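Some structures are shown below for you to check.
Same chain, two partners: chain A is paired with chain B first, then with chain C.
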Partner chain A sequence: MTTSYLRPTTLDEALAALATTPTARVLAGGTDWMIPARAGAVPDALINIFRVEQLRSIRRTGDALELGACVTVAQLLKSKDVLQAAPVLWKAADRFASPLVRSRATLGGNLCNASPAADLSLALLACDATVTLASKGGRRSLTVEELVLGPRKTALGPGELLVGVRVPIRAGQVSRFEKSGPRPALEISAAAVAFTATVEGGRLTGVRIACGAVAPVPMRAKKAEALVEGRALDPALIEAAVEAAAGEVTPIDDVRATARYRRRLVAAYVRRCLEACTDDRRLHAAAS
Partner chain B sequence: MQPQVEIRFTLNHRVVTAAVPPTMALLELVRDRFQLTGAKLGCGEGECGACALLMDGEPVLGCLTPAVDADGREVLTAEGLCGAKGLSPLQQAFVNEGAVQCGYCTPGMEIAAEAVLLEHPTPTVEEIRRGLEGNLCRCTGYVAIVEAVQAAAGGGR
Partner chain C sequence: MSQQASMRWIGARVPKLDAPWKASGEVRYLPDFVVGGMLHGKIRRSDRVHARVKSIDTSAAKKVPGVHVVLTAKDVENVAFGHGKDNTPFKGDVVRCIRDELAAVAADTEEAAEEACRLIRVEYEDLPALFDPRAALERGAPVIYPEWPDNKPFTYRYAHGDVKKAAAESAHVVEDEFDLTWVSHCCMGTSAIIAAFDTGGRLTLNSLTQVPFLYRRDMAAIVGMKPEDIRVIQPTIGGAFGSKLDIYPFEPIAVHLARAARRPVRIVFSRQEEFLASPTRQPAIIKLKSGCDARGRFTFRDAYVLLDNGGHTSWGATIPFVMMQTFSSLYRVPHVRFLTDVAYTNNPYSGSFRGYGNLQATFAIEQHVDRLAEKTGLDPLKMRLLNAQEPGEETGQGLKFVSCGLRDCLDSAAKRSRYEEKRAAKKGESGRRVKRGLGMASMLHVGGGAKIYRSDGCGSVLSIDDFGKVTLVTGSTDIGQGSETVLAQIVAEVLGVHLDRVKVVNSDTDVKPWDVGVHASRTSYVAGNSAMMAATQAREKLLKAAAEQHRLPVEELSLADNAVMHTPKSGVAKKLEPIDRLVRSLHFSDRAELLITQAYFEPGSVKQDKEFRGNVSPTYAFGTHVVEVEVELDTGLVKVLGVWAAHDVGKVLNALGIEGQIEGGVVMGLGYALTEQLKIERGKVLNPAFRDYHLLTAPEVPPIDCDYIETEDPTGPFGAKGVGEAPAICVAAAIANAVYDATGVRFTALPLTPERVLDGLIAAGVTKDVGAR
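Let's turn to the complex of A and B:
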């Protein structure tokens, strides 16, 4: 079968191309795609959106950070706006693969690849981000939970393209990103936790505890979140939340870790995140 | 049959053209079509950095970058770091500091190190280590490699 290759330079061209060939594979940086492609998995049609400038912008508006789908991980790391307005996303980017991958891997690619271990998706889940899907017919907005349906499975319809991500800015937010691995670089998470909250007068509000690589999709530990929401933390409450989080994740045994070990990692990370909120010095570090 | 995409780009300071299928990796293009065999195929999945190349000054993996994306860009391999007079100061520092053992990782290390120096002309040890975190050396030569980058930075680049 003949493969067609298109490299649109504008978003309109990209959406028109996708409307004409809705089964086309969309290519961004290619860091996930090249491995199966080189092994011979050639798609019917390929639309390369990596050079669409409209999809490469990082914009801070009054109450949100607007990120284009083809913003690379390297761009996230270089952005002061990302560091200040979405620190948990910056921290996930800082632990993402290596500089050689970060220069090409994109935000949209990490979301649409829909890996259970996607670190950026996890961070976006912890900051209540929404994604914008566009097609020739119009636009719609979804949460990360609505977008990612299962391993390698998203809610993107035929002819639809993920064009951007919106992260609401929450003042006074603290955050942490915890991820397993013997060294910081090039680690595919065996388990990861992205945490955000607002701490006021010793009480946590807007608590988000997102857990990665411990369920078919990045998931929020909502029972644990509910336990600590609006409360002042004490050691017993922290332990209750830790237990709740370890209980509500649904990890599997695989080549990277056993389910049992993954639960223990989640417990350790959630404990670390919550304990940091009770300690002014660590709280300050988590806020940066 | 895959389509052949015509691309035109700068490879080691020289404008070149090629017709490539969309699934070809940039590494195969520079090695097999242009006989620039410095960059190596190590793991083929982004774990080792032996295939590192500079694209518009950014370090990329030759094995995971589609060759079609080189179109209109400037690509530099380890061979391209050399000047008219031979080795670049960074490459000479690798020799002086004994940062080469078997040599398989060296072209990728040089490219990653060059990217560090482009971003941080006088890098800290931490910045060098972070910059090289995607490059594996299996002869255990990291200390000498970091020292070579420090020496190059201090040597009036």
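Let's turn to the complex of A and C:
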């Protein structure tokens, strides 16, 4: 049974509470947390950070987009700044759950829940985002890869809270977010790909191919990225990158899909992303 | 009565009478009911699929604060019930599937009852288990019931003509094996019941049953009571779709708990429990061989069906009754053979589900129509028109089609979808990675009930009170399909009163007259006819009384606008007297006559003989669907772009209600075709949650365009026939035909998930695979 429940309204209060009860469970939107909780996995102490206003802001600075940990998916979708400065994140949000869940689900919750199928984490990985962790003792910055260590495992230390996400803005970036059906949203990904790159004179640079639900953590298909980095795409090169990506993911069978199908989806999605870069019309669509 | 050319209520767009209350949340569903002193019941189910139960220890459960009683098979007279008499409220010695009930708790709170269930210790000794009906029929297979050493509790055999000879003489023959899996009804309201005894020992059940009178009889036998001592009240039902046609163990368990605790007991399933322990659609393996002559006329159909009965028998085992009608009679086929075996396994068991086996049968047959068309070189539409049934036909099985609009359905669906034009043009418009296709399928289903009991009738009692309010007490049951509204419309039309003057009472066996229940698309037809009879008698009484009082010839009188109208021979209609005043003059006069009528309608169908021959329904519904799909060749995703349906409904009674029925049925069919599957592995349900059980959601629902073919059946109320099940039936077949049209690949198993489709595309060489590691 839960014996202590706190609902701080400022970040300082939240961090202080967490320092006194380092074993307390942080509760944001609760859309992940409530499922095991309803099945009986209730912690002793709970700290609800959903009402901490400081964690709800979206700010665009010169070269970065700064998002609070408690920004909801609904907020992301409403934000012009997100659409312009981090379009891949906006696209991931657009394929996320249902309106009901979107109004509760938070960015921080998606990262800290550390699900292999976390769509927002995947998009953040594809745009080189860094996260800020804070505790009473201080702050530190990590990449998404450094934060998410395995299924339900993060680098968060005792007393630490994820407070914000920083997404660097890259001019001229194109991006795509591909996610498995059959439903356009309200679907836990069987596989997803988040893609960003800059296209100049037909060449790709800064290529990021992030693959979700095909490894213990959202992962980058680095072999495929290396193959296309700095090169002009042609069908043979695209196929080579597709094969590379399908080869480097390590999916498993579960109730949603077989490993075989997940690998095929990665291939299909990577091919779509790269082909879009060779087609002016689709490139334009991918950039918006 | 003479049918007026222009009708006020029949055919109008009438919102369901309870819609405002449902929309505002005021309707109370069973879980909202609280009865004084009520306890909460919970059931402890098996953890094993097939095991001997060595011991059940309830001592810790009994100590949980708030627990009143804990029951197991030992504590009650555990009477066998169900179509196979192989189910019992509690399982004592052996569990045969994962949902089997071992014990139950009644406690002050749900939490205490749940906690107690968790604390019940069960010791098992596992027995060899069966998960595949094919394996169950093999020699030496483990035996699930000693009474059935071959694991085969039922077989069905039907034939007309000489299939062997016809096969030899056919120009084209196709053969396939189709594999249909489990799906769940997914009612918005989960299974629930409240059982309460009164001081006199009478039992009141608040129940969601679709068959209150049969239920009362079955329940009485199980719990050792007289049927007349049981009152069944049916509150608003949050969806049924056939799932509440049978009695299931939780229901007598609630009665046993209430009796033992001497307190009312409510059981409400959790959503997970609903997925695990409510019946499913019957899975089926269908081996079908079909043939036609060189011109494309069907010659024969030879079907072998194997049904997985699971660990106990419910209505799923009886779907061959309906399947065989489709095999024998959807088209003119001179030679038909149909054999079904039903095999016990240790899987969950199936019940009745909208369409009752017809989705499965139609999936197979309608794909074979397309395959034979291709072999013959005919367009699938022409092939269907060539073999279509017509009015006046009596089929090999003895079904008599008094009215039949199949040809019109085919023409309408094809025309509105531009079927032929698009199929011809399609090759050009398809993209490299996305292919478009069109598919068509038709259906046949009973349209006025099915005489599977001695009676398929329905009673009505109609009264008009001294304020002119009309009350129809009908035996029938509304499970959300809107029959209450349709019955009110029929009564309003016949009596010339406004709809708001009609009240339909249909939810209490202490009050309402006999009816078989809601199934077989029978309510609008059977209860509609019954209501119409009662209303017509009332009308005659009113007119006769008015004629006497006003000394006018009865032929010059009619009812409209809540009044008796007088139309002199040469002249216009005039209001003569309001109905309420006329009724008062009957009540409060020396005649002292109440305006009450009663009627019992028994359809002119017959019970089939041992060979399954006979006209089981007084009328039949037909329909055709065309669907257009887009298939992503790289992911296998099938998107439905549009559905064009045409249904022979006899007559549209409620234009709004029928739209809801058709759209809802199509969406259910689309889910069956594309996304829904209760994944069961080694007897266990892997996806008992909406997260992993994929219902279609609004964004995936394509535009649905329906045309109603009004064949005006001479036996139906205002010409109507049933349409409740029809729209779900041929969707999956049409989708499979469309996917074939798009990709050239045939799929014989459902659902057509992206993964299954991609597997098929890769196997057929349509899509190249990525290098397997």
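Keep in mind that, in the parts below, the second predicted complex is superposed on the first by the 286 of 288 C-alpha atoms of A that agree within 3 Å, B and C clash if a C-alpha of one lies under 4 Å from a C-alpha of the other, contacts with A are read in each partner's own complex, and residues count from 1 in each chain.
Following the convention adopted for this analysis, a contact is a pair of C-beta atoms (placed from the backbone, for glycine too) under 8 Å apart; a residue touches a chain by one contact, two chains touch by 3 or more.
Just so it is clear, the model here is predicted, and its values are computed rather than measured.
Colleague: Which of the two partners, first being chain B and second being chain C, lies in contact with A:Ala185: first, second, both, or neither?
Modeller: both
Colleague: Which holds for A:Ala268: it touches chain B only (first), chain C only (second), both, or neither?
Modeller: In the superposition, A:Ala268 touches chain C alone.
Colleague: Touching A:Val242, do we find chain B (first), chain C (second), both, or neither?
Modeller: second
Colleague: So in the superposed three-chain picture, is A:Ala171 touching just chain B, just chain C, both, or none of them (first/second/both/neither)?
Modeller: Neither partner.
Colleague: In the overlay, answer first, second, both or neither for which of chain B and chain C A:Phe50 touches.
Modeller: Once the two structures are laid over each other on A, A:Phe50 reaches chain B alone.
Colleague: Touch test for A:Thr258: chain B only (first), chain C only (second), both, or neither?
Modeller: Second partner only, chain C.
Colleague: With the touch criterion stated at the top, can you tell me which chain A residues are shared between the chain B interface and the chain C interface?
Modeller: Touching chain B in the first complex and chain C in the second, residues 98, 183-186 of chain A appear in both lists.
Colleague: Which positions of chain A touch chain C when the two form their complex?
Modeller: Result: residues 98, 180-188, 190, 242-243, 246-247, 255-258, 260-261, 263-265, 267-268, 271-272 of chain A touch chain C.
Colleague: Going by the contact rule at the top, pick out the chain C residues touching chain A in the complex.
Modeller: Answer in residue numbers: 632, 634-635, 637-638, 674-675, 679, 686-687, 691-692, 694, 696-697, 699-700, 753-755, 758-759, 762, 769-773.
Colleague: Could you please specify the touching residues of chain A with respect to chain B in the complex?
Modeller: 2-5, 7, 27, 30-31, 34-35, 37-38, 42, 46, 48, 50-51, 74, 97-101, 103-104, 183-186
Colleague: Quick one: which bits of chain B touch chain A in the complex? Just the residue numbers, please.
Modeller: Checking each residue of chain B against chain A gives 1-3, 5, 22-23, 25, 44-47, 49, 52, 55, 58-61, 63-66, 68-69, 71, 112, 115, 130-131, 133-135.
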